[in-house]
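First chain A sits with chain B, and in the next complex the same chain sits with chain C.
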Partner chain A sequence: MILIHCPYCDEKRPEIEFANAGQAHVARPLDPSSQSDEEWEAYLFIRANPRGRHHERWRHVHGCGRFFNAVRDTVTDKFETTYKAGEPRR
Partner chain B sequence: MSGYRLENGGRIDRNRPVEFRFDGHSYQGFAGDTLASALLANGVSLFGRSFKYHRPRGIMAAGSEEPNALISVDRGAGRFTPNLRATSVEIHAGLNAFSQNRWPSLKRDFGAINDRLGMFFPAGFYNKTFMWPRSFWEKLYEPAIRKMAGLGDAPTQEDPDIYASTYAHCDLLIVGAGPAGIDAALEAMGSNKRIILIDEQDELGGGALADPALWPWLERSRKALTDASNVTILTRTTAFGYYHDNFIGAVQRLTDHMPDNSDSPREKLWRVRAGEVVLAQGAIERPLVFDGNDTPGVMLSSAAKVFANRYGAAVGKSVALMTAHDSGWHDVFALAKAGVGIKAIIDVRTEVSSALLDEANRLGINVHLNHSVTGVNGRHRVTSIQICNNDDYLGARIDCDTLLMAGGWTPSVHLWSHSKGSLAWRDEIGAYVPDQPNENVRCVGACSGGWDFGSGVIVDMLPTPKDQSRIKAFVDFQNDVTAKDIKLAVREGFRSIEHIKRYTTNGMATDQGKTSNLNGLQIASTALAKPVTDIGLTSFRPPYTPQTFGALAGHAKGALFQPTRTTNIDGWAAENGAVFELVAQWRRARYFPKMGEDMHAAVNRECVAVRSSVGIFDASTLGKIEVVGPDAAEFLNRMYTNPWKALEPGRCRYGLLLKEDGFITDDGVSARLAPDRFHLTTTTGGAARVLNMMEDYLQTEWPDLDVWLTSTTEQYAVIALQGPNARKLLEPLVEGIDLSADAFPHMAIREGTICGIPTRLFRVSFTGELGFEINVPTAYGRAVWEQLMAEGAKFDITPYGTEAMHVLRAEKGFIIVGQDTDGTITPFDAGLDWAVGKKKPDFVGKRSMARPDIVAPGRKQLVGLLTDDPNVVLEEGAQIVADPRQPIPMTMIGHVTSSYWSETLGRSIAFALVAGGHEMMGGTLHIPMPGKTHEAKVSGMVFYDAEGARLHV
Partner chain C sequence: MTHHSAFSLFAKALGGHQDWPEQWPDAAPKPAYDAIIVGGGGHGLGAAYYLAKKYGITNVAVLEKGWIGGGNTGRNTTIIRSNYLYDESAHLYDHAVKLWDGLSQELNYNVMYSKRGVMMLAHNVHDVQSLQRHVNANRLNGVDNEWLTPQQAKDYCPPLNISPDARHPVLGAALQRRGGTARHDSVAWGYARAAAALGVDIIQNCAVTAIRRGADGAVEGVETTRGPIATKRIGVSAAGNTSVVMQMAGLDFPLESYPLQALVSEPVKPTFPCVVMSNTVHAYMSQSDKGELVIGAGTDQYVSYSQRGALHIIEHTLAAICEIFPIYRRMRMLRTWGGIVDVTPDRSPILGKTPVKGLYVNCGWGTGGFKATPGAGDLLAYTMAKDEPHPINAPFNLDRFRNGRLIDEAAAAAVAH
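After this line comes the complex of A and B, so read on.
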């Protein structure tokens, strides 16, 4: 069971306290109505599936409840870093 | 020597004889014996039948790597454990063990015919033979194979034992308490580190237990470690898996070695998080591959030493050794000193050290260098062996009752590999050893490849003059894989060891190839004419040895499998005969049968009572979220399809929640208590999901909004009071709220007290009747409920359950999200476009409602269905077709989502999702069901009081 560092609690906690929330840095368009079908499809459905470094969102759901971002290696399952929502991509 | 028990020696307690049973016969051993050592001491050589060929098999090893001697232990009803290794089962009074995979008896086994038919069972046999025709596989081959092949029988009764589990944290976890593990513990003992030392055997020592010279050191070390307050020693504990971040799973066997079943837990699962891990798992001796190497009486030489020195049991009276490694010589020297008769040493090498030769000479042992064993005589026990010179193949026969094999050593890198540490090949020992760690872990002792057993050569197979296609030289003893099978796989084109493994099943048995992987690799390497490192290495996966499901499940079974959530009113329902159902994790009253009523009769009565007088319903499970803050209305306006900003305090609104893809995910009636405060309700199953979704948008998309979300599901008990007499019943109990129709209209909320308890009183209806939902602090739920029951007696108040609630709502055309929708249904598909704010510029899911596939024709739409025969209640889930005369397979155009008998209407009603359903009003559809295809007319979804006259009173 992986230990995950919550950037809000500033503690490493067991992964059962957390829930994955999909790819990170996919911002909801500010004006969805102005989006073309292709743009909206890309926002809704098209996601990266990298071998290696992956930016994803996690929620400390059984802890502080905050969503945050993480860089995880999809091959080794190791977390490179975690950082607060709203901070720039690492 | 009496029988096979040595006069002296061993760690057994000769003053404590133990009676036990094997295959129905009584035997005697001593405290400290394993089932294997005790039976060997009794002269038993036959322990089981092999997996595929039903060949007679004896003991091969002395530890948990034993591939052959799998046995079952019966501890009484429900306490039957198959596939235990006889070498790991401690004997105790009353032990009742059985051999496996034989019929009618171990000695006369019908399935042994498979051995004679061996030429018909090559590698990949099952894949090749039984793929066609399919019906033959299902009816003929599989049942026959299941009867003939396989290991022990699965238990058939529920396991009455209890299993404990615990979490533990330590600075240093040491796996394996042989000399290397003990040294690591002694070294760390003086620090402040919290240390856990784990070993799978019943006492510390590992290999030292078979070396009497080390026993004084072992006793001193054991005492020092036991006395140290920072060291926890776990014996009879198997570290079975090594997971991320130094998380180790281990099972401790607590009571199986004791005479009686006890009330204490049978096993305990340890989940250990360690700062550092030291692996001291040792090494496993490798068998040699030659014709007849699986005959009972052929075993590892190190095992024979363990049986003699640790258990005082001789594996035979006249023992020969076939070796490729110095360690075999040392083993038989130790055996000779313990009083075991040694017949000969056969070494595949042309030269060995003069020290070994001198010692053999001194002990009077015949030595045959540059020789190999080419055959073994005897079926249930070795009677003699055939040897020959490796150069000229000149042979000789040696009479003996036991043949030892010493093929070198394989470091146990299982846990290291679980942790994703890398391995490096070392040619001189012909084995993989730990290389780069992936966690904070190191390997010490023999599992790191460092040992002082001497040196040897690695041979894939012993040289033989025999026709290689006609001999059975076993590589994987447990899965009956021979060298021939591996060579055949290579001939048929398999190149990677991962493919060879799966084709031949080499290394795929319950022992995960502990004694077979490296021999298999060497044979494949020779056959492919490639170095071992070029053909790969199969992965080790947990568990290291098989573990019980009971230990892994722990307490999480039966009623404790998952929590059952109950409301404050649940106890009243139970006392009043409710039949319950589970909704998500909630236990809900489904109906309240009176004497002699079935569900149908009870539900009909409950429905009629609501429509004619008043019913009472426990709605406490509804999800509830308190939304507070200056931007609360703006936030809800962005989340829900409906407009919220104009909603006045004191009023309620039906809210429809979509996901961003435009599909309905939840709904519920919510109330505005104040300009900055809302009381949301969600579906019973959707509460957590909706709160998570709202938090997601609030935290990550709109962090500028000043809003707080709090789950209040468990803060309120909710009592729905529904029916024409609801107001009359409520009036005398409520204070501070004017209940009149004008002052308190439908879809309003008021705060006041009921029976003196503060309440948020909703005037809402999921039944179509005049109705209220009374929210009170949870602890008062049952008290208020009982007061309402008492006051309601004069109206013949009727408690109703979820089943009647479903019928009542369906009569009114109200959907249940998740039953009438399936995650691909838009508001328009569900006929809920009235709940979508057309003028809102944006809300979650709005843009998707214009997606091409959502505006395309032919989508499944929710409609009402009225069967032509009003007495037919369609099956929920039944498929719908347009033309029942079309050929099979028919084109399904939809399915029934809700279907009930409506006592109020005197007929059946149903909802269905039908492609293009909104365009089919009045049309006939066909619903094939078992026995008959039914006709139904497409209708609107509101079957009762369409104008809402009963609501607005």
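After this line comes the complex of A and C, so read on.
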């Protein structure tokens, strides 16, 4: 089981306390009605699926309940870092 | 290629099985091919076989970065069924089930397709309604599926616990009698042997590192770890690594790759006559001809290429298995492993053309690609040979994520499929 550092609780906790919430830094369009089909497709469905360094969101559901971002290597599953939501991409 | 028969088997047995020839030659890459298949799993080998057999394109290479059938083809739980809800899916998966019939004869290789029946359990009122809807939808599409009472389910699969006091009570079950299992390795080997006999080069330890494109954008070949190879047609059948290969052509795909785990028990005498699946508690099981209980677990929740998953996923599945089949509570598990499955947003595959000329794709089968092996191979071959999709795989195009015509088996099945 993976241990994940929650940047809010500032503790390493087991993976089962957390829920993965998909790719990080996917910004919802500010003006939805002006989006083309292509832009909607990119926002809703197209995902980075890298073999290597990956930015993703996690939620500490059985802890503080807050969302944060993480950088993880998808081959080793090792976490490089975690940081609070709203902070710039690392 | 020597023809396999009961007589040849008997003759080899007299010789102590010492002088079996190699099943197919270990080919080295040539400078150019009419078509290249990226990925030497069942789907890719099947596509190469059907290209040569049905569509007359024999100058074909299958490029496999590891060894034949060493990816998801050798890691799945070998279940075959076609009881999908939507019309498009029912036709797609039933096309494959029809090809499973007679596949051993066609390939002259025993794939051990056993129609032992796939039974899906209903544990609550929602399950009952959902599975009965599946039964009715399937029958309208000509796909066999029938509803069983708890007692009928117990008669079909005696180890099942149908006590009303059970942790996961059984309120009924849907049974597809044509469903069953096949020997996964045999499928890969059978297709490889039959394709090689028709002139296809099966090239192992040959990873694709780049896709070469001309000034007009069309594909011109691939770079590999064993040198460049020219071709005008590339079919990508790379399962969990599809996103990585598509990036080589500059395409972003609606895919995410997750580890999916399975495990087997120590081998025991035949006790489990069919395949039982429970989507609600996320467990499914069958017994191999070797006697091992073959158990499928769920996917991990995060994107990964690690080919192993977390223990708590397996624990969850085994807890459910022990409740549904109490006789196995003292069984010991022998091996666990993981494969990387590529999952689409609607949990239906993508099988057809891409925006790049000469580049075709067969991906997104998620947790349920094995059952489709012959069908996916045949349809990818058709699409590559004709440069247009077959009516069966036309709805499974990439454009559906733009125009919204999703085939939402995700909502229909919710979990394992």
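Just so it is clear, the second predicted complex is superposed on the first by the 90 of 90 C-alpha atoms of A that agree within 3 Å, B and C clash if a C-alpha of one lies under 4 Å from a C-alpha of the other, contacts with A are read in each partner's own complex, and residues count from 1 in each chain.
Please note the rule applied: a residue touches a chain if its C-beta (ideal position, glycine included) is under 8 Å from a C-beta of that chain, and two chains touch if they have at least 3 such contacts.
Small disclaimer: the values here were computed from a predicted structure and weren't measured.
Engineer: Between chain B (first) and chain C (second), which, if any, makes contact with A:L44: first, second, both or neither?
Structural biologist: A:L44 contacts both chain B and chain C.
Engineer: Report for A:T81: first if it touches chain B alone, second if chain C alone, otherwise both or neither.
Structural biologist: In the superposed model, A:T81 contacts neither chain B nor chain C.
Engineer: For A:I2 in the superposed arrangement: first (chain B), second (chain C), both or neither?
Structural biologist: Both chain B and chain C are touched by A:I2.
Engineer: Per the contact definition in the header, classify A:S33: touching chain B only (first), chain C only (second), both, or neither.
Structural biologist: After superposition on chain A, A:S33 lies in contact with chain B alone.
Engineer: Starting from the residues of chain A touching chain B, keep only those that also touch chain C in the other complex, and list them.
Structural biologist: In the superposed arrangement, which is not itself an observed complex, chain A uses residues 1-2, 19, 37, 40-41, 44, 76-77 for both chain B and chain C.
Engineer: Can you check the complex and tell me which residues of chain A touch chain C?
Structural biologist: Per the touch definition, chain A meets chain C at residues 1-2, 15-16, 19-20, 22, 37-38, 40-42, 44-51, 54, 56, 72, 74-77.
Engineer: If you look only at chain B, which of its residues touch chain A in the complex?
Structural biologist: 243-245, 247, 271, 420, 438, 660-661, 692, 695-696, 699-701, 703, 841-842, 846-848, 851-852
Engineer: Within their complex, state which residues of chain C touch chain A.
Structural biologist: 241, 243-244, 252-257, 301-306, 310-312, 342, 345, 401-403
Engineer: State the interface residues of chain A toward chain B in the complex, per the touch definition above.
Structural biologist: Of all residues in chain A, those touching chain B are 1-3, 19, 21, 27-28, 31-33, 35, 37, 40-41, 44, 57, 59, 61, 65-67, 76-77, 85-86.
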